[in-house]
Amino acid sequence: MSETALAAVQKPTAEVPAIRLRRLTKSFGETNAVDGVDLDIRQGEFFSMLGPSGSGKTTVLRLIAGFELPTSGTIELEGQDVSGKAPFERDVNTVFQDYALFPHMSLVDNVAYGLRVRGMGRTERRERAAEALGRVQLGKFVSRRPSQLSGGQRQRVALARALVVEPKVLLLDEPLGALDLKLRQQMQIELKELQRSLGITFIFVTHDQEEALTMSDRIGVFNNGKIAQIGTAHEIYQRPAGPFVANFVGTSNLFDPVVAGRLYGRQEQFVVRPERLSLSWDRSAAMHDGVASLPGKVTSIVYVGHATQVNVALEDGPAVVVLVGTELPEGEQLLGRDVTVSWAHRDAVWLPGEA
Amino acid sequence: MTALVLLFIYAPLLLVVVNSFNADRTFGWPPKGFTLEWWGRAFDSEGVREALVNSLWVAVVSTVISLILGTMLAMALQRYKFFGRDVVNLLVILPIALPGIVTGIALNNMFTTILGVSLSMWTVIIAHATFCMVTVFNNVIARLRRMNGRLEEASADLGAGVFTTFRLVTFPQLRSALLAGGLLAFALSFDEIIVTTFTIGAGDTTLPIWILQNLFRPNQAPVVNVVAVVLIVVSIVPIWLAQRLSADSVGISAGRARARAAVK
Amino acid sequence: MALQISQPGADPGPGNAPVPRAKRNSFSALLNRSPNIRLAGLLAAPAGWLVLVCIAALAALLITALWTVDTFTGKVSQTWTVDNILQVVTDPVYQTITLRTIWIALAVTLIDVVIAIPISFFIAKVATARWQKLLVVAVLMPLWASYLVKAYAWRNVLAEGGLLEWLGTPVGLNSPGYSESAVILTLAYIWLPYMILPIHAGFEKVPDSLLEASSDLGAKPWNTMRLVMLPILVPSIIAGTIFTFSLSLGDYITAQIVGGTTQMLGTVVYANVGAANNLPFASAVSLIPIVIIMIYLFVVRRTGALNNL
Amino acid sequence: GTTSGNNNPGATAKTEIGAGEGQVSILGWPGYVEDGTNDPKVDWVTKFEKDTGCQVDFKPFGTSDEAVTLMRTGQYDVISASGDASLRLIAGGDVQAVNTGLLKNYPDVYPFLKDKAWNTVDGKNYGMPHGWGANLLMYRTDKVVPAPTSWGSVFGDAATYSGKVTAYDSPIYIADAALYLMKHQPDLNIKNPYALDSTQLAAAVSLLKEQRKHVGEYWSDVVKEVQSFTTGSSVIGTTWQVGANIAVADGAQVQTLLPEEGATGWSDTWMIGSKTKNPNCSYKWLDYIASPEANAQVAEYFGESPANPKACALTADKQHCETFHSGDESYAKQIWYWTTPVANCLDGRKDAKCTDYSEWTKAWTEIKG
Amino acid sequence: MSETALAAVQKPTAEVPAIRLRRLTKSFGETNAVDGVDLDIRQGEFFSMLGPSGSGKTTVLRLIAGFELPTSGTIELEGQDVSGKAPFERDVNTVFQDYALFPHMSLVDNVAYGLRVRGMGRTERRERAAEALGRVQLGKFVSRRPSQLSGGQRQRVALARALVVEPKVLLLDEPLGALDLKLRQQMQIELKELQRSLGITFIFVTHDQEEALTMSDRIGVFNNGKIAQIGTAHEIYQRPAGPFVANFVGTSNLFDPVVAGRLYGRQEQFVVRPERLSLSWDRSAAMHDGVASLPGKVTSIVYVGHATQVNVALEDGPAVVVLVGTELPEGEQLLGRDVTVSWAHRDAVWLPGEA
């Protein structure tokens, strides 16, 4: 993969970016947690950092917030270098994964905290805090303690607390990680709405690719302390920059250069998404234009509700997963059956770079 | 700041060390001369040895009693809600929270006036076990709170009875907490003077009692300094031991347990 | 990775006998079924011990306070009277001593809190892991030096021409001599580790993310300390104060060694147990610290401090 | 603690010493019963054990008050009681009368120590005199000029050395004030500093309260006091001769004197517990400890005057008896030995009711404030 | 909903069921965590319990394992009443959500534990434990401590530990809950394989519907301490027994009786799954046989990678979600556009019972 080359590709924008990282590096002893990251995040953007565990997402966030100081490289906030500044000197706020609510304060005091340390009077700050709590639908809980709330509610308090001081950039480190599926989906929608209405820049860390895809304006995919690809959800999903991204974001069927050579006369890897593959339940796939076909055998079938995953071992290729949206032929023995898998040429995504 | 505090902590101790070599029997400052006489005498003194053995014996027995009772109590209070739970909780704290002199005369009064038991090493042990229990109790209950309750269920699930589960699963989890609590109980008992004064029998001395009796005797006070120095130096062993053991067995949280444990 | 199953079916493998079933153990089963029996088994011994040794002894002490001493033979005569208690409550000298003792205990506690907070903060949050270990040991070690020896060392430190004066005179500092201040200083020294340790444990329990959150929201370090750290530490601090306060409240040995003329409640109790052998009167005096500590425990009960001891 | 026992001060004395029971438990001032464990060179117990086969079990006490408390438990066979403890023990029935005829060293004892108020009640002897000493006035020669001659320096004139005056920390110290008042305020009519009616006590208390303002430290153990003198924390106050000796040995510039008013002092008596199970060993101890050899060792180690004049020849320091004015009866006459104050006035007054020790204790608490 | 009626529907089986619950109830104070559950689980079955948080799944599992004793009702294990027995007297083993591995024991000792307390000799039990660890591919880690393993590896140890004592039934309480997406999908496949090859009855608790659908032979959907429906994945997804099941399992577009009356002349609720709806980007949907159509307006579009979720506000009906698998018309303004949503009649699932 040529991650560095890719990471360096930045669209030049006339406006000052909200955050600009330049050759940002952070080492802990031997390990480079963050390794020469260059990144511009635009004003008002919903930017997600996606990547496997240990890829350095949290560390980048902590560098931006000021909880860690970079080993080398710079951090600019709206054009101003803040690399050496303390957290309380940066107009950036964080929503922590464990929320980090002050357990000894009521909700309203928690939210008013940022205003309090800025010297705002008691009445005014409490009013504003109550208002902010109202905005996240917790208006009636103002005098509760954090321990009396559910996970989703705490999440909202943390959000209100960070937003009430009107930061230029809001950092969110897996804010939904601790919530269960349904609540998580609901909060995704709420968060996105909020960001849209406030127009604040959000930097959102997650290792859940679906979450990143559904919420973000742009996504940065991290691997090993470096950025593997930056782009919109569409770009990342449809045109992954390498096998790492292709595999990490969604399921991918990877075809090696040998198969590619046989089919297309081009000695490079390519991938096809499961939902782009189509299946015919016999060996007689119509060979029409712009479509490639390969014969295979069904090895297993998994019903996933909205569709069915059919695993097929191709005769002259890899084992692939086909996502079939329509009902399968009923009452027949499907396992072990000879089938043909086909896809449109334009659905094959070529992966440049090393194998 | 920290350096200052450490100076504050160590200056008087250093003085003890210096005085153990001070030729002046009343320790004028600065020292008038250097002598090894006190060290020689301390090692010859049968009284010190006897008192030391007594102290060790009292400390060991009361630590063992408090380990057993403290663990049982912690398990009862942590796992069950019952009527009077708060009272028992307060009761276990009371002996340590009450000034030693109160505990001392209360026990003395009970042993001699009410029960008519004559004072002995055993009355000291009873008294010490009573206030040492809380150190074990606090350590164990803190560990139990942190302990994964599922572990015991897993053990039962795999076929182990109640006692087997305790032996193979619960006890090993508690071990470092017991060690921390036990060490502290031992230290408390070993250095206790006030309650001991009121509960010790005729002719018995523990080390602190010996020190108290000899601190103000013309030829003995310097020997006391020697004993103190030896104690301080020897104390490094159990402290390091506690540090090592807790660090090895449970990692970060043990550090917490240790510090917490270290408080009575 | 995939779980490789050597062969399908429940066959445990070649040559292996089936696993024996769990052993029957009806006593264990009974215990398992009945939480009450388990509780009783756990609770009986320790609670019985505490009630016997603790409650009974205190009750006896209270009763003894209601008896008198025959002035001729010096023996306790079991005639009921509230004279002792009355005298303790009404005689101004006991009020003075009580107030002085409380003042000493409070001052000791305050000094220890003031010293312990920054040093525990340093150990728990600033020092590196290596240093942290060393420092904890450094603070723990004096705990093992004999109480008496430490008090006596202070007697030497405080003496005229002693270490303190020797060090202090050049910078214009005077030794307080043997006095109330000397008692406060010495007690503060002796009980300091008992304050540092719970506070240190308290600091370790504060998650770093809370401090980061505070800083993130714009609080300078001092504000973080004041608004976040301290309130969370309250239970730990109170736990520490229970020790320093109660230990100081009952002290008489330190007062004897460095107190000069200072009398504390402990001195009076001790004098009356020994002197005149007036156990009833001593009991009556000792009710004062009991009441004070009980009130204190009652007040701090809700803060959760008792769980931090 | 207290144990109920027969309140019987007139218990009949023993008529002969039989074979030893093999053990004896002794309660004594620290330094009175040394078996070499503290200092191998200081040992007179081992010889006793060898001679009599009685194993000695020793418990030291810090003050007379503690001694009484411990003796009351009934666990001890023998006690070395000062005068302020002995009467309390006799009154409490904790000790038994002693047949001095059975003690072969008794006849040697200085006569002025025999049949005194603190060891004899109703003509019955309660023990073997051990040794005695005075509560002297000590001062730093370099700091206190001119040299004092009267207790007035620590009472009326205490202000001169305010903060550097020291005094003995026990209710019995009230007697020192009473002694001073006896000489300086005759209208109070004090005849015996241990027999004070409530007016007299009040006068002593107010004198001591006045003194309290100038006291730097009360002392209850002699090394502590010596240390204060050596460092200069104290410059004037009561002492025991032994304390002065240590101070001088440490190079302090101190001097002691018996002031013109006389002084209080102690005279110790070995007594036998009323409930002893080892009467024979107890008698053997009483006799042994008054033997010239043992008496000399004790007196020298503790720093006091021996009870047996023959001991004077056996002390390591040949000046010992002279330093301590051992045989000096006129010196001894000026000393009011510690005696427990009781309600029946010790000076023989029948019309007045005297204050007892528990009142002194409370007064002492009040004085120290 | 007529949950009780539904829950009582049990296919009578000739063989003795592995687990039979009869009117099983467990109350904690006021709340009935489990409320009269009747359930037969067949021998060798992979049975999942699905339901929202707090619906009583864990409690049922703990009742079966013996960690809790029922308030009323009975539990039979292979025909034998075990209601009052202690956990160590039941031939049932549990894999805990947090694995509950003994932290002070090496892996081999952890796995050998069950054999040890049964009195098996040291050599033999260690051999068997090592073998079991080999089976879950942890053969080379036998002497490690649990803390030195990753989440997925711990999960396998827990599995090996439970299986080595050869239980009749294995209970798994959200065993994959703590794992991240990729690992979770992999473990799902492995677990299913294992169950198939061992032939042991698995009772699997989850609140992730996709997980339940892909893995189970049958699923019991829990709601409020009761069973709302029992059936195969297909049955549950395609023929939900009520609005609760329809909504909980997958996304559902619910049409109320009024719309139903207008379209079909039948006054009952029905649902259509998002992937069963089709979208035409104009108002001219061909009205052919067996297809219903309704006009609407696009309110939002969310890209989810393998497909796109289009939210449409129907003119005479509810707001619906349409899952579009094909690429959307490019380069056009889609938000606010008038569209027609249609579905085949057979894709409408009628929900009997109350509205």
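For reference, chains read A, B, C, D and E in written order, and residue numbers begin at 1 within each chain.
By our rule, a residue touches a chain if its C-beta (ideal position, glycine included) is under 8 Å from a C-beta of that chain, and two chains touch if they have at least 3 such contacts.
Chain-to-protein mapping (UniProt): A, E = ABC transporter ATP-binding protein; B, C = ABC transporter permease.
On a predicted model such as this, the values are computed, not experimentally measured, just so you know.
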Steps in the shortest chain-to-chain touch route ending at subunit E and beginning at subunit D:
2
Per the touch definition, the chains contacting both subunit C and subunit D are B
Busiest interface, counted in C-beta pairs:
B-C
Can you tell me the C-alpha superposition angle of subunit A onto subunit E, nearest 5°?
180
Chain nearest the overall Cα centroid:
C
Rounded to the nearest Å, the gap separating the Cα centres of subunit A and subunit D is 90
Can you check how far apart subunit B and subunit C are, centre to centre, with Cα atoms defining each centre and the answer in Å?
13
Subunit A to subunit B, mean C-alpha position gap in Å, rounds to 55
Among the residues of subunit B, which ones contact at least 2 other chains?
27-29, 108-109, 113, 156, 159, 161, 164, 215, 221
On subunit E, where are the residues touching two or more other chains?
86-88, 114, 117-118, 165
What are the residues of subunit D that contact at least two other chains?
1-2, 224, 227, 231
Which pairs of chains touch each other in this structure?
A-C, A-E, B-C, B-D, B-E, C-D, C-E
Hey, which residues of subunit B end up touching subunit D in the complex?
24-29, 32, 41, 44-47, 50, 108-109, 111-113, 116, 118-119, 201-204, 213-221, 223
In the complex, subunit E touches subunit B at residues 65-67, 86-88, 92-94, 96, 98, 100-105, 113-114, 116-118, 147, 161-162, 165
Taking the touch rule as given, give the residues of subunit C at its contact with subunit A in the complex, in rising order.
207, 209-210, 212-220, 223, 227-228, 231-232, 234
For the subunit D and subunit B complex, residues of the former touching the latter
1-3, 25, 27, 30-31, 36-40, 57-60, 62, 70, 73, 75-76, 221-224, 226-227, 230-231, 242, 246-247, 249-251
Under the touch definition given earlier, write down the residues of subunit E that touch subunit C in their complex.
69, 84-89, 91, 114-115, 117-120, 128, 131, 135-137, 156, 164-166, 186, 189-191, 193-194, 196-200
